[in-house]
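We call the chains A, B, C, D and E, going by the order they appear; numbering starts again at 1 in every chain.
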Amino acid sequence: MKARRSSTEVGWLIGVAAAVAAGTTLVRIEPDNPAGATVWVGIVATWAACWALVEWISRLDTSTSPRLRSALGILVPVLFGATVLFLWEGVVRAAKISPVLLPPPSMIWDRLITSTGILWADFVQTYLKGAVVGYVLGCGAAFLTAIAIDRSPFLQRGLLPVGNLVAALPIIGIAPIMVMWFGFDWPSKAAVVVVMCFFPMLVNTVEGLKSADRMQADLMRTWAASYWQTMFKLRLPAAAPFIFNGLKICSTLALIGAIVAEFFGTPIVGMGFRISTEVGRMNIDMVWATITVAALAGSASYGAVVLIERAVTFWHPSVRGSGR
Amino acid sequence: ADKVTLQLKWVTQAQFAGYYVAKDKGFYEEEGLDVEIKPGGPDIAPAQVLAGGGADVILDWMPSALATREKGLPLVNIAQPFKSSGMMLTCLKESGVTGPEDFPGRTLGVWFFGNEYPFLSWMSKLGIPTDGSAGGVTVLKQGFNVDPLLQKQADCISTMTYNEYWQVIDAGITPEELVTFKYEDQGVATLEDGIYVLEDALKDEAFKDKMIRFVRASMKGWKWAEENPDDAAEIVLENDATGAQTEKHQKRMMGEVAKLTAGSDGSLDPADYERTVATLLGGGSDPVITKAPEGAWTHEITDAALK
Amino acid sequence: MTAAAPKTDRDDLARTSGPVIEAQGLGLTFQTADGPVHALTGVDLSIGKGDFVSFIGPSGCGKTTFLRVIADLEQPTEGTITVNGVSPREARLARAYGYVFQAAGLYPWRTIGANVRLPLEIMGYSKAEQAERVARVLGLVELAGFEKKFPWQLSGGMQQRASIARALAFDADILLMDEPFGALDEIVRDHLNEEVLRLWAKTRKTICFVTHSIPEAVYLSTKIVVMSPRPGRVTDVIESPLPRERPLEIRETPEFLEIAHRVREGLRAGHSYDV
Amino acid sequence: MTAAAPKTDRDDLARTSGPVIEAQGLGLTFQTADGPVHALTGVDLSIGKGDFVSFIGPSGCGKTTFLRVIADLEQPTEGTITVNGVSPREARLARAYGYVFQAAGLYPWRTIGANVRLPLEIMGYSKAEQAERVARVLGLVELAGFEKKFPWQLSGGMQQRASIARALAFDADILLMDEPFGALDEIVRDHLNEEVLRLWAKTRKTICFVTHSIPEAVYLSTKIVVMSPRPGRVTDVIESPLPRERPLEIRETPEFLEIAHRVREGLRAGHSYDV
Amino acid sequence: MTRILHHIAPVLAVVAAIVVLWYFAAVILNAPWVYDQAARAGETVGLAELIPATMAQERPVLPAPHQVAAELWDTTVEKKITSKRSLIYHGWITLSATLLGFVMGTVLGMLLAIGIVHNRAMDMSVMPWVIASQTIPILAIAPMIIVVLNSVGLSGLIPKATISTYLSFFPVVVGMTKGLRSPDALQLDLMTTYSASRAQIFWKLRFPSAMPYLFTSMKVAVAASLVGAIVGELPTGAVAGLGARLLAGSYYGQTIQIWSALFAAAFLAAGLVALIGLASRMVNARMGARA
């Protein structure tokens, strides 16, 4: 108990030290204040202090309080992110990096809050229309293909190699073609996302379908379970960890795909359009604001998939926690 | 020899013949320069490369350079080998477009990435909204090629006299089937393909001297290219690492580019500059630049180079 | 069917209905990286309808393999085998088997109740019937109240009992049980022995039962198959003279001990070393 | 150490060295989705150095859980436990345990030989020593010649023997064995029982042994712990008066049968139903 | 021989089916142009003229398979390997960046996964940011990466490989983390009783258990790596490599060239994926997997 108390105090001390170091460093690098060695020392010290704080928090015993655990699960990455942002701000200011190359986070933040209308319209166009539709269709198609492949050994030997081939087509090559085929608006972006998501999903599903335990499969045989019964009651549940791997990877790929596809022709709205044009206009802060939106949306999609995964594959060692 | 890195605005093609000729024919070497020519591409913002230290000197269009200057990266035009603008809007006759008054309600392909300023200025001069509101035009971000026109996804697309226009022709459409609107003819021409450096760098005499030699050799290259267009095109082809360019296209491009550079000895004509600025400032509610820039060009280099 | 005339009773049965499982010259060789493994050789065996056959023999002698061949989970490399007069495959497709594996093999994503319900779902029992049967068999193996637990929340023996319940939940003609009671204590084991006997008497199932316990084999079986390893073969088939009705006390009778002795001798002979 | 004076012999040992395992008021409750499961409650137990302790009790009474607590694989929620006078954790870090799990738990990507070699690699035995020990323990469990096979190429009993060999390969003071012989036939079992006794006599290990076989428990142990379920607790601790030297025939002596009877009674009491 | 046939025949069948579909699509997609041309010339076309006309265009919407095949043949076999018009030359440039990026990405991904599995602080703080990093569209930051690396004197292979790394480490992190956590409780408990060190648990348990996940991830990663290398070729001025071919082809609307570059890239990717599949099968065999 006593040991616990003192470690709490140490933690607070570290936290306060971190905050102080952060504050003073930032004060020291006000725009006109030339960056001296002290600033760099301050930056490094802040980094170290924040890391120590994160390290300490993550060592807290949370086995008794799931609520505390989930709170820390949010707090730690946020702290980590804050540290990164702080360092970014500090380094950009201290090293006087041109905002045309890399704007400081504060400038990006200003953009974010002053251009919400544009950012929202872009988000709807690229994420809600292009990425989501493409993700659903692409993962769905890959999943169905995996099952078709599984059904027929002939297809498995024929389609898988060819599938690898088609799905490994680089996005830069496909995007212009998709624009040619499906027009300028979001359907062509969704098509690109479909192609991008197909391969990771296919590979993972095929691998997952192989992963059912021998004995468990034998059991199904003794019951003369039909193919589909075995599929739904044994092989799909057993494949779920792999399938979710694919879904997770695709959840971020889909967004990248939709954005990048917009580099190759688009109506004048969309996150990819914004990024590709504002770079040319030297509005790098707008580029990063859009990237921020993308990062938030992508992380949220990934997080959503993880939540579903936890619920569906609660039985897997990696979720049950014994694997820790 | 002094090292100079030049960042082009686009991929290797006859549009940049002067520089390749100067390098190939040893004009740079004669000036004691070792010039590296970096080709550009769809995602390369030359100004960014310049700011990042990846190049000493860049090519850019003036509208974009002035806008960049307003953003806080002080670009300075030190030479202007291109006298006239090669930009135009090309429409299919069958779409029914006969003049600017037909634009509202049409779909137009436009290059962005800083290349959209001339178009936006023109439209605001015409009073046609481009933001999708009623009575305006629908704007598409045009990709790398002329497909939108061929596939009728757009009624009109942006073309350069020396490049995309001929791609349309090559695709089997005759000039009679096309209607073109040259920016020059519409009175909204802006300066293209100027040579720009950072203002700070010019404070360095040694750098200035390098630039003087660079501009002198480059203009020599341009003039050689104008006189020997076919040979110049060959030189460009040799320098194209992708191996994708065709001789026919490059030779024709060289011919067209020569028409644009013909009127220039390399020094910027202040009148052209003023016209460009006026066009850019004139853009109604959302002008490309908000006030007339100062110090955005200098004759120092060309004066020394061309005497 | 009285204890007085058990022999005729059983013999009649076997005679009228012909063998349920008939193996002739059966052999199975596994090909492994370092040479072939002869798991079974020259097995001749005939099992009649309603027989309770125990397989006993040293570890690795091919008991599991033989059960797997019956259940069409392994293909013999020599000889023939028929089940109900047809191939094991056809019998399997006709859902003739209930199989309790040597390891529990529960599905980790299903609760105990859902695991037991699984074969019922597959065979298309009605919802009500499913619930009723699950409750009944879980009660039988004393796991009532554990329906909602997941396999990893159960002790080893409880998992094994769940897997027994799963095999008993549906009506298979032939029950293949591979050491089902290995992880259970004597009391539960006795209890389940009686339950299995009761079930067998009531339903006339044919049961193939692998065990390592000689008393268990003698107590349960109408026929005891003693096997020996390397290569796996049948060394003795003992027809039990014990009556069909068997109180637990029968285990103290001389006939019982006599059979047990014969089994033990057979077993010992199969071991390479002398004890 | 003659059969004539076994009692003093063992008593001496316990007295001189103090308890190796000492549990007081030990309890463990699992939190599950549908409420807490009391796996152990109020367990007081003291095990001396060199004791051979058998745990016996109905399935699900907490035997495995108790072994896991000793081995620091599970944390008690109540009470205290010390091993060699220190916490289980410290004892574990000192590599005091050899553990044979209820399921074989072989690593599927390692051959049998490599599985047995695993703890030796981890504990840093020399290559030569590793090879020598692997060969010896595989011989002990009669798996010589199976080094190169992978686990799935072995029968259930063979896998279990491999896992026993793995625990015997290195020198741990305390051997925790969770139903090690459950899947073995009587003959091998007798053989291994003797081997374990020999090992125990020679090395003075402390052995905690879970079994479902009453004769096995009585034959092997100096102390028999009878447990009962829901919640898991110790209902009887029987100190065996049998001599340390035990020929197999001892199982027919009246003392032996007397203890066995007492164990059986204790066991029966722990069952909820009457048999 | 029959074994080879056993594997090849299905592939051929599928390829044949695709080729047929492709020809069909080519006719449909290229037909409007033929009609347009005819209309401009004031002629009408029948089916007999239409079909050959759709297969021989210079800038078809969808080139016919034989056009692509001819181009591929022309640019691989007919050209000297050192020629800038040789696809093999460009393919090799892309491949070298891909391989370097893939190796770096796999190593980085594995290191991160190891850190995440072993250090709670890393688990909690790094993973969300690794995920966020993947939501940054690579084309957007590729030019910046190139500019930054150029300004510190790195150019050529390294910047491209860096972008490959950026794309390929993610599948490895995700898969490896899952894989390293896949040993079940019993397998871990065994290690605990040996009081094995973390390194020992890693090498003897976690790493072998992660193998299936690792190889699956690597297949995805190598494909991503190729995409990265191609993306990286655009802002380096599209000088050489398959990316440059694609871009140049796009720029001049030379669909046949695009498709042949695309196929070259796809063959490369398929080859790489097949190699990893082979490695996976070899490792599996050593790890005692059933045939």
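The working rule: a residue touches a chain if its C-beta (ideal position, glycine included) is under 8 Å from a C-beta of that chain, and two chains touch if they have at least 3 such contacts.
Just so it is clear, the structure is predicted and the values come from calculations on it, not from any experiment.
The minimal number of chain-to-chain contact steps leading from chain B to chain D is 2. When the partners of chain B are compared with those of chain E, the chains appearing in both lists are A. Two chain pairs, A-C and A-E, are compared here, and A-E has more C-beta pairs in contact (counted per touch definition above).
Here the CA centre of chain A is 49 Å from the CA centre of chain D. Averaged Cα coordinates give chain C a centre that lies 53 Å from the centre of chain E.
Mean C-alpha position of chain A lies 39 Å from that of chain B. Averaging Cα coordinates per chain places chain D and chain E 54 Å apart. Shown for chain C are the residues in touch with two or more other chains, namely 103, 152. Of all residues in chain E, those touching 2 or more other chains are 61, 139, 143-144, 147-148, 185, 234, 247, 250, 290, listed in ascending order. With touch defined as above, residues shared between interfaces to two or more other chains in chain A number as follows: 101, 176, 180, 214, 263-264, 276, 279, 316, 320.
By the definition of touch given earlier, these chain pairs are in contact: A-B, A-C, A-E, B-E, C-D, D-E.
Residue ranges on chain E touching chain D, taken from their complex, read 186-187, 189-196, 200, 204-205, 208-209, 211, 287-288, 290. On the side of chain B, the complex with chain A involves touching residues 42-43, 45, 47-48, 51-52, 64, 67-68, 71-73, 112-116, 130, 132, 138-145, 147-148, 151, 153.
Note for the complex: chain B touches chain E at residues 8, 11, 38-45, 48-49, 52-54, 143-147, 150-151, 167, 170-174, 177, 240-246, 249. Remark: chain C residues 30, 32-34, 37, 56-60, 63-65, 102-103, 142, 148-149, 153-158, 161, 178-179, 182-191, 212-214, 264, 267-268, 271-273, 275 touch chain D in the complex. On chain D, the positions that touch chain E within their shared complex are 68, 71-73, 92-95, 97-99, 101, 103, 105, 107-111, 118-119, 121-123, 150-152, 176.
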